[in-house]
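Each in structure tokens, the structures are laid out below.
Here subunit A shows up in two complexes: once beside subunit B, once beside subunit C.
Right, the complex of A and B next:
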């Protein structure tokens, strides 16, 4: 790439070349207007040296060797440990709170109230007070010395009997009539084949390996917090606001979060634990660590909500969907919101469509976003419904998708996945009548729509080139394990034409330029163009120096393959950087607005296929293999992109077969709030996993990348449920698909 | 399916209390298109910057429907006279 600055229309090629085994390229021309000073756009014709290759995670060795310091690992001399007293009552009012005895205990240095007398208590686990002391043993003792009393009220932790819940029979089927709609009634009457079914999913917890919490240290009115978070800048502002009474402003709060042990959507806010540790550190005048234990993590930090979903629909004689009626009810915790369900919208074309959703409040911890909020739930119900409808119509599920899917990218993906997975042969393989071990295959689509944003104020990246040839790229945004550092390093190395080993990426300190929270798959598409712009600016400065040194026009100097220069007048990168002098080239790139022209496609498409083997005697389901193809715009680092997809599949296996929060209706307490009784997929449960990254030039900005937190999480559970339907010949409409449900389904089938 | 062209920003009350937080504010994604018939922006998970929980300083639930002028803990811009 040369250093020319485009300020006029640029013609680019968007789309993708034919997938392996397919003939047709899907390439189109666009004219875009990059912002003045921005890097010229990469497109489908760009030849990359590094982008798209299999580089290793730049911090992989640090993580594998234990050198990576998570908030959990941070420690200081004299640091205190802390815990939170939690409510044992699911609903009521705090009537007594006496902290004095705990505060007087030896070794206890701070006790703070987190609720006032008279405040409502809304779930088992609601935070009441917090204690800091020299070790956790003393802190536990002190917690027990706090006198807290409650006025109990009748509670309910079952959303299916909440106010406004629909009537459900003893088989879990919604029995309420559908709301009147003449158009829907007519469409269903006109359909050749119709179907009506009820689906249900249970609550899944985020189960991040690093729990919520952190370490706080005050120096006068300056506060530093090492926080396990998905939003460094959000938490900085939040804590500054929460601590207004401590004479704190945003500029005096610094958040550090360079390594985060997972978040999956649960770590956007500082949380009561974040506020508590700051208050305790302030009161104790000492650094304080407060990390939640596993039970608190399961019960007080959000979840993927459960849902009850009902669908009815019909197809015409050609197998086209002509009616699609959907209603869902989500568990929403005490807040009464956040239980929403999303469903695919690309199958229905001109069909008569209706959709409604209602959140149902219960006396439990509210949901929080979790990888593609609402999508895995809704896709499970919708895609299983479609398979059932297809079966009634006598159509193969793949043929049914090809008939009804309206998005060209996914149509190509369906065909590619079917070929790679061996769909036709696997689908045709019949289980012997009465066989104990039964195999089946299933599929599901996926969709997520986020191509990044410029930020308000614009996201930034610092790029420094040093005299010794090393390069820094820095963002204050966090990285919850998804590979952001590697992405930043690869983009920078590609733009500068240098070896990746020369680039050090640092994230997670709010002293560096701001970036978005890690949510909605926004970070990569939002920060990659800023990283590229920063490197582009730094390169221009280096090219000025080299041009002057070599006596060639700076705007014609090229950085590529570790060389800087023009034609035969070139310097090795290390020699060129010696021209920089003792002070580095130090620039700040920014994320410009997305191009005005229409992107190639406004969302990301994917397809997954799964094979299961089921023991019909025990009901035990084992997923034996899965294949996925996933579009994420431009693939920046293939290995890490694949890792995101495979990880989502693993989480999907867990959601489909294992995970379920169980609340005791009598007490409101979670009965399986640990990793012994809350089953998460382990190594022995894993199938053969394979994926293909579908790189697409979307023409959205100078890079054209998209994120992978959400997109591959949408399809997995649905594909597995459809494979179970194929294997058994009868659907299991309730996740997780545990052995008891399989046995019941077989018994019902007869 | 009829897709509405509204965004999360369209669903965000203009007089919202600045202490009310949600994911889309932190990811700068208010401009994202909304594909369903939801009435309120974001994922439905709202919390208060002053309490760091889903309950405001007045002990009531945080929600864009409610975190507006008239609430005792409201700190945002008041309606113009």
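Right, the complex of A and C next:
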């Protein structure tokens, strides 16, 4: 299905024009072979009517007016509410589970066991049983009447004392020897300046504002689920498999997920709450809503794992990195996986490089992907290490990056950001000796690599043109707030040459064509070319009708500026669409494989800079301003793209300064599982933020788009940590940089 | 977020079991058919009348039902969101007698006799309040789940301050959490509205 029948060669221009204030265009010529029937490629020279402009979010009014119906908001007559009984035990075995009394409580219509006696209990919050009743008060009353008993086993929720953990001293420094490697030893001996340090990051929860869960409704063996998810098709398959005993197959399950209140990587699966919901609705023979509460959301739906990272490396007399040795230990949950850490690979060139990673299992909720999995952790450690190494070598951090960064896009971005941010002046400003308020600036690079994929089977988009001139573009994939609907509408309107208001984009119903999960920044690069192909096919059908009507060759008819026709023979769009008849033009576009030729660049580059002000008396850090430049391939909806970058920077402030899941070692329970004690960045913590979208034509498919979920999330915390290092003259090597750590760092510095 | 005037017991004081004597009278005094002398409500459901967006609405609640649940589950006014259910995030913000109030921390019965204003009052078909319009123009949202609460806190900020400063906006929005990170653009939307844009 994905095979391409190569058409004739098409010559395109890839790359980008010089950034504002810079001289050199980075444009190259490529020859590509689009698949037969695909739309001809857009490239760096294409003049767009809509793409790249500041259009409004197409569902903005629905959201801002409160009309948007999220899964949490869906309701039906006779709908029941439900809750899950959670394990208070971090590790052990379920020995008693008596549900009868709960089932007899007033208003209770279904009770299901989610574990059987003898099953292992893996963490505090493991799901035991679920109850549905007429309202949550009665359900809560019933949950309290379930008798569950456990055989407790010794548990551990501290990864630094897990079985495979490295030896660490009382200051948290890794004391275990590095594994032997003669090449590395020699490279470090040859280096002019070397450095060795240990870094740590704590566990962050996704904290999506809409919790996990949904509403399930059965009609015979057909099941509809309104689910708060980042993967409609994945959840559909997952639930169908889990419900095989109820005579369900994939075809009888429909997922709806039109609005999703955030996911950030935590909502790929339907999970135990999704399954419980369907089982309860089946047992009660009534629609059931089950949404997790905030404590469950913090404690049972994944997290960005903590990590212990150790780096050593060295530079030669010219300041070039010649050795880079890195090992990391990830804070995994009971699954023992998912704690991995990524580090930049574009600084080291032909230096001697070694990297290793080990996940450490503990008796807690396992990690899930979170915006650029592994990257914010690793970039924090690596970029702070580089600043420390540069400081030892007496080199400015920016000069050090310019000397060692091997990617041309980022070299341009470093210079551009430095100019916009005023790096040189800000970096040169010294804090008065003994000053209470200290300022500093820092920087970090970013990289995320993804140019989309066709998927299996090829992802598609439905495009319909109706007799009344309205257009539909539909995907069964979901949109957790990133702007997918607006992207689909803009691509479609651009291709058809019509007003954006005529195009309605719909996502989130599995009856529509397959699309990817909202993960890894893959949705835009995967669906944008499919949306364009669909609109291209629909346009061809319309052009045939118009060509016949006007008596001109259909293949020469053009759709542009709301007109359809050729030369002086033109119909207004509305007139042209009247030729369609009662049944709409209805086509399915597909996502062809990327072109065989090498793209201009296979990943997305970014740079961020941050300024902090620190109260040396209290240790309180405030980020005062940040600047980011971010490449996401072709920028389709500029305002929305900026929102995503600015939002990632704010999340970076939160990760750098505030967020930390605290588990009680004795009970294994999260001590701050709410929004009172789990601090998320608020309006008062907001720095002055600015970003610049760097549009790049990579020339890999007909559109050339990339996603923005991950790329802007990589650099922020690292840039802030480097600014703290600059302000204090000593690094804080442990996120979040809370006041206590700042005060300790200053005390140690003396 | 401004603390509303003492309107009897909040859910927090109720949960704590702190002094609530005489409060029942305060909260219920305005109930239309309240007979003289003490009245007992519950256990179980009973009907109350709330004034919501200028209209009288009857809804069945338990004494422990929050205003948020009454709006969402009883009246299908789902613009206010349940996010933390502990007054820590502002996702459920409504105005009670013009004051920003976390409806998850307010008992439904305690809102009897008050004027409750929800996000739904700011649009009617194509007629949309300029503030809502400016949230769209400034793209002051991503996932949108915090947005109705943000709009209500922003509305109160505008109503009280007219031309708010950045510090005043930050203060007035400090009770509203946004996980996507839209604060900057929310403040742009407020400023644009204050300057008369979006009408």
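The working rule: the second predicted complex is superposed on the first by the 744 of 750 C-alpha atoms of A that agree within 3 Å, B and C clash if a C-alpha of one lies under 4 Å from a C-alpha of the other, contacts with A are read in each partner's own complex, and residues count from 1 in each chain.
Here is the rule we go by: a contact is a pair of C-beta atoms (placed from the backbone, for glycine too) under 8 Å apart; a residue touches a chain by one contact, two chains touch by 3 or more.
Computed from a predicted structure; not experimentally measured.
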Answer with clash or fit: subunit B and subunit C placed together on subunit A by superposition.
-> fit
For A:137, is the partner it touches subunit B (first), subunit C (second), both, or none of the two (neither)?
-> second
Tell me which partner A:611 touches in the superposition: subunit B (first), subunit C (second), both or neither.
-> neither
Just subunit B (first), just subunit C (second), both, or neither: which does A:259 touch?
-> second
Once the structures are superposed on A, label A:63 by its partner contacts, choosing first (subunit B), second (subunit C), both or neither.
-> second
Give one of first, second, both or neither to describe whether A:481 is in contact with subunit B, with subunit C, with both, or with none.
-> second
Quote the smallest CA-to-CA distance from subunit B to subunit C in the superposed model, rounded to whole Å.
-> 20
In their shared complex, subunit C is touched by residues of subunit A numbered 56-57, 59-70, 72-73, 75, 81, 135-137, 207-211, 259-262, 264, 291, 293-294, 480-483, 639-640, 642-644, 646-651, 674-676, 680-684, 686, 689
What does subunit B use to touch subunit A in their complex?
-> 1-3, 19, 21, 23-29, 31-33, 35-38, 40, 43-47, 49-55, 59, 61-63
As the complex stands, subunit A meets subunit B at residues 118-120, 122, 127, 231, 233-234, 237-239, 241-242, 244, 265, 268-272, 274-275, 302, 324, 332, 334-340, 342, 345, 348-349, 351, 353, 355-357, 359, 366-369, 373-374, 449-450, 453-456, 459, 516-517, 519-520, 522, 526, 602
Touching subunit A in the complex: which residues of subunit C?
-> 62, 64-65, 69, 72-73, 76, 78-86, 88-89, 91, 118-120, 122-123, 128, 132, 135-137, 139-148, 151, 169-171, 173-174, 176-187
